[in-house]
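Shared chain: subunit A. Partners: subunit B in the first complex, subunit C in the second.
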Partner chain A sequence: MKTFIAMLILMIVRLHAETGDARFAKGTTAYTSGDFAEAVDQFRRIVEEGNVSAAALHNLGNAEWRVSRPGYAVLAWERARALDPFNVNTAANLRFARSKAHIEAPTQSWHELYSTWLPTTAWLVAATLALWGGVILLTGPRLLGWRRADWHQGVAALLLGIFLFTLPALLGISRRAQLGVVLEDETPLRLTPTREAETLVKLTGGEVARVESERGDYLYVRADGDRAGWVLRKDFVRVWQ
Partner chain B sequence: MTDDGFRMTNCVRHFSVSRILFCVTFALLLVASSFAQLGGEVAPGTSASFEPPTARIGRPVEYRITVTGIQTSRTLPTPPAVAGLSLVFSNQTASVQFLNGQAVQTTTFRYTATATREGELTVPGFEITVGAQRVRVPGATLNVVAPLPGEAAYQPVRAVIDLPKRDFFLGETILARLLVMDTPDETPQFVANVSKTSGTVVFRTELRTRREQFVWEGKPAGGLVMPLQITPIVEGETELNSEVSVHAQKLDPVGRRSGFAGQQLIMTQPVTLRVLALPRAGRPPGFNGGIGRFTLGKPVLSATEIEAGEPLTLTLKLSGEGNIEGVPAPEFTDTTDWQAYKPTSDFQRGEDPTQPGGTKIFTYTLVARHEGKMGTPPLPMSFFDPAKREFVDITVPPVPVVVKASTAAPVAVAAQKETPSPAEEAPREREPVMTGLEEKPGRWLTSASPVLWKPWFLALQAAPPVLLLLLWAWRKRQEYVAAHPEFIIRRRARKAARKALAQARAAARRGNAPEFLRAGVGALCEAAAPLDSTRAGSLTRSEVLHALRDDERASLAARAIFDHAEVTKYTAAAAEIPKPAVLLPELEHAVEKLSAKS
Partner chain C sequence: MKNQLAAIALLISAPVFAAQRGALDLYNEGVGALRRGELREAESTLREAAQTNSPAVQPLALYNLGHVRFQQGKETLKGEGNRQQLLNSAEAAAAVAQEAIRSSQEALKGGALEEIIGAYMEARSARKQLRTSRDETTRAMDLQGSALWRWRRSVGDFHSAQELDPSNKDASFNADVVERHIKELLKSLDKVKEQNESLSEQRQKLGELMKEMRGKIPKSMQRQSDSEEDEEDDEDEKQPDGQKEEENQKPPKAGSKQEQRIGGEREVSQDMAKLLKEMLKRRTMQLGDKEDGLRPGEKKGMNGLIFGDETRKPEQRKGRNW
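== the complex of A and B ==
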């Protein structure tokens, strides 16, 4: 019975991956043959079906850019970069998009920049292992009645030191969770969270802004240059949703 | 002192006195102003009214709330609901006046009021917060009368999306129009914003509208026309809705401007687009995603006679309507005779910026590989015409060129020598370009978000502290047991007593008296063992009875069980032993008493 369940899970996982692989290939073919709308459709379906990879998001961004949707392209590239911060192609595409759309890269604090040095999962794993490893090494021998050795304390100090180094990155990750992308061009930034509110300024598709509060269907966001106001939820999507 | 010196001293003195006088006056004014502000703070004034105060059913009028004071309301007042009267916020205006040295602000909140029943409808007074104060807005009454005989219902401006009546294709740029129509009661003045509310399409608007007369559903109409460009990006049927923020002028019953205007948000009627994928079959070579109606101009060469090694430029102009801006330059497939460099492209919008389409200019640089009479390589090019539903081949045929032997080779070499090395050239700022596709999908994940906020990750973080807590509890117990060994002895004794008692019960059920008595004695000894800090097997009858000396019933029961057990053990007079079922409750009582003591 256990073997059957394990095989079933394995088959489902494999089927899932195969669907993603097949769609990835279809999307790439459509893109190279110039059928960018079809490519968008295929790459987007990959994401909608619950499969995500940095490469698929990168390609989705390229296809979205080709169908003139800079906001969606930047969103896909930002998501790809969050998964794989070492991908120079995605970083280059973001620079390209910002240069073309004449928008500034988001201003980030030092701990946010620090958190981009490694993938978020790597930071979290490092912080978890370092903290609990250190605590267990400090307390475990005493609790288990073992003789306390010097190496216990040495390794515990090293691990807790590593944990201290991960703390700014964790803060940066939690702050980056508030970053999002304006999807459509000419998105009105409103004075109040109401449909009839006065439009303060219009944001460009692809601009990155920071969510500061939420009310109903509206988000209070702050874009570059301290342009702050309310936008409709549907016009603004967080990079990590 | 000279005259000049005397004049100078006087001047300086005079200047100093006037300066001091100015400072003192200014300080006094400041103090007076502060006192005025402290003592003169008055409650803000409010008023509410309908304009005009009489309305017909279904015809909108304006309801105004005005707040005047040093501070003003920053939150939108919410008037109480009145049956038969709808109040929808329209806009707010603010002005500042300086009265007695104080800035007095006046804020007017305007609502569109529409009555649905006849009679006097009163919006009762209600309170609002102005600064830190609660202020009462007075009530206002609207006199509503019945509509005139034959009068039509009020018609606000309406907006529709005008699409060509046909099926569309993925990636096609559909040229549509947004029509914001005049009605007998309202005239749209300008469109402030248009946004798509549903539909998987790329939706581009041009806010430059034009007032036009047009035909809609077979009837002539007038209003504002805004060009739209819609690009479907998902195959299948999609319903397109949009939200239009329009500033409209209300008209009076005879069609004159009433002076009552406001911004309103209207939804367009949903339109359904049937989107088809481009045909897979019959795609000519050179199709690179162009969808629309294009024409290709005559290819232009920079020269018809060139020398070997000399670059030749081929320029092509593709004009028309469709997704021409995004069409990439097609590339040569046959480059046997020519070396072709990566083409460049440039897009030029048409003269009328509100009209889509334009001209895309592709520039190719070719260098002949050998001399002779030859033609430029053919350039496969095609596009898809959505109206005709077919691919159109516009392949560029070879253009004849004469390539002569090079006469400037030595000069070219000399020139090459004089060319500064790349290191000596001034660095050029390069424009960023979009990189290509990733070839492999890489590792698949279920979400792009970090696991930081996933419930399982948080649960995982709780595991180590729980483990440490359990370990600590276990350690503490070990220490306690080491310090108090009687704890274990008692526990073992209770367990053994329970086991012996269970055996006694089983024997009682079976009616096996000798077994019952043996188990009963065992249960009593086990229960009494911790009281003497010894092993149960070494306890004597008198020691057990001594432990039960305070409870007569238990003592008697224990004595009886010991007696009968001894009788059973040493004699064969089994007939005198009472039934185990009779002794069992007494035994349970005695064991319970002993266990409680230990």
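== the complex of A and C ==
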């Protein structure tokens, strides 16, 4: 029975992966043959089905750009960069899109920039392993009656040191989680979170802003140049959602 | 221990209270300015109060902002003078122009030099009259466009105030009142626009006829200044009407008014002097005049339990130059 269940799970996982691979291939073919709308559809479905990868997001961004939806393209590229901060093509595409739309790159604090040195998962794994490794090495001998050795303390100190180095990155990651992208051009930045609010300024699709608070259907965001106001949730998507 | 906990709680909540206080101060300043009739200051301060996002202050600030913008629209319209008189004088100018067009066409048909010269002079005078009337209607259109923009914003503010505080029925009532005013203004704007277009058309027609007549008058009989003046008139025509219409849709720019003030060595005309005199009077005008049917602006702010300090007026505060 157990073997049957395990095989079933394995089959489902494989099928899932195969579907993702097939879609990726279909999307790539559509893109190379110039059918960008179909490419958008295929890559988006990969993401919606949970097979999220930096490559799929990067290609989704390219296809969105080709169908003239810069806001959606920047969102996909930002998401790709969050998964794979070392991809030079994604970074180049973002630079290109911003220069075309005359948009500034978002201003980031030092700990946010520091958090981009490694992928998010790498920081989380490093912080978890370093913290728990250090704690186990320090408390293990006493609690479990192991024989104490000098290296225990040395390695524990090293691990806790690593953990301390991950702290600013974790803070940066939590701050970057508030970043989002304006999807459409001419998105009104409102004075108040209401339907007939005064428009303070219009935001360009692809602009990155930081969410500061939420109320009902609205998000209070701050864009570059200290432009702050309310936007409709449907017009603005967080990079990490 | 209890005291320590209370101190910690106070320390944590201090920034929240400070923010609330800031919003309340701005709100009080705005309401004070509204009461004194300083509409521009009231607008900017109440906007700031609304922008603080304090849930208690925001709906009240918007409600009063609605009042401020409605008043601003009314003030703007006072500058246009008597609307009916303007339409009547435009109609009179159109009638004179029509007659001049008829005479010019007849003179051109007849071909007699004397008649042509007479018709030319008549056309020239009619065209000048048309220009004056057209300028007046254009100015009225600008003012009405500006008032319309402010009133539309006022409706938005009242609706927003009610959206944030559904119990505020006054806001919805006021929005309906302003909407009625907007409907009336739109009707008037349509009339003025129609008149303005017809004046422009007639001016153009007269211009063409004058050009034709000028061709028939010997050069020796033409004064240099005549053709120069006519050309100046023609140059004024070149400004596209579409541009004017677009300007009407936009909010009035502070910069453009400034430009006018700085740029010219203009004499103050009698009309302008009258207008300035009226505006100076209005600075001391009391709020809440009953003719517009709006419910008073300061009402909500003054009876709100949230603020508590009903007796405290912005003027009593020290240390701020406002």
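As a working rule, the second predicted complex is superposed on the first by the 241 of 241 C-alpha atoms of A that agree within 3 Å, B and C clash if a C-alpha of one lies under 4 Å from a C-alpha of the other, contacts with A are read in each partner's own complex, and residues count from 1 in each chain.
Throughout what follows, contacts are C-beta pairs under 8 Å (C-beta built on N, C-alpha and C of every residue); 3 or more make two chains touch, one makes a residue touch a chain.
Computed from a prediction, not measured in an experiment: that's the story for all the values here.
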Touched partner set for A:Asp35, first subunit B, second subunit C, both or neither: first
Which superposed partner A:Ala56 touches (first subunit B, second subunit C, both, neither): first
First (subunit B), second (subunit C), both or neither touched by A:Ser213: second
First (subunit B), second (subunit C), both or neither touched by A:Asp224: neither
Subunit A residues touched - subunit C or subunit B, whichever exceeds: B
Which of subunit B and subunit C A:Asn89 touches, first, second, both or neither: first
Intersection of the subunit A residues that touch subunit B with those that touch subunit C: 192, 194-196, 198
Residues of subunit C touching subunit A in the complex: 47, 50-51, 53, 58, 62, 153, 155-157, 159-160, 163-164
Touch list for subunit B against partner subunit A, complex: 76, 89-91, 170-171, 192-193, 195-197, 202-205, 207, 231-235, 263-265, 277-278, 283, 287-290, 325-328, 431-453, 457, 460-461, 464, 468, 471-472, 474-475, 478
Complex contact set, residues of subunit A against subunit B: 16-17, 20-21, 24, 28, 31-38, 40-41, 44, 50-59, 62, 65-69, 79, 82-84, 89-90, 92-93, 95-97, 99, 120-121, 124, 128, 132, 135-136, 139-140, 142-145, 170, 173-174, 177, 184-188, 192, 194-196, 198-199, 232, 234-235, 239-241
Contacting residues of subunit A [partner subunit C, same complex]: 191-198, 213, 220, 228-229
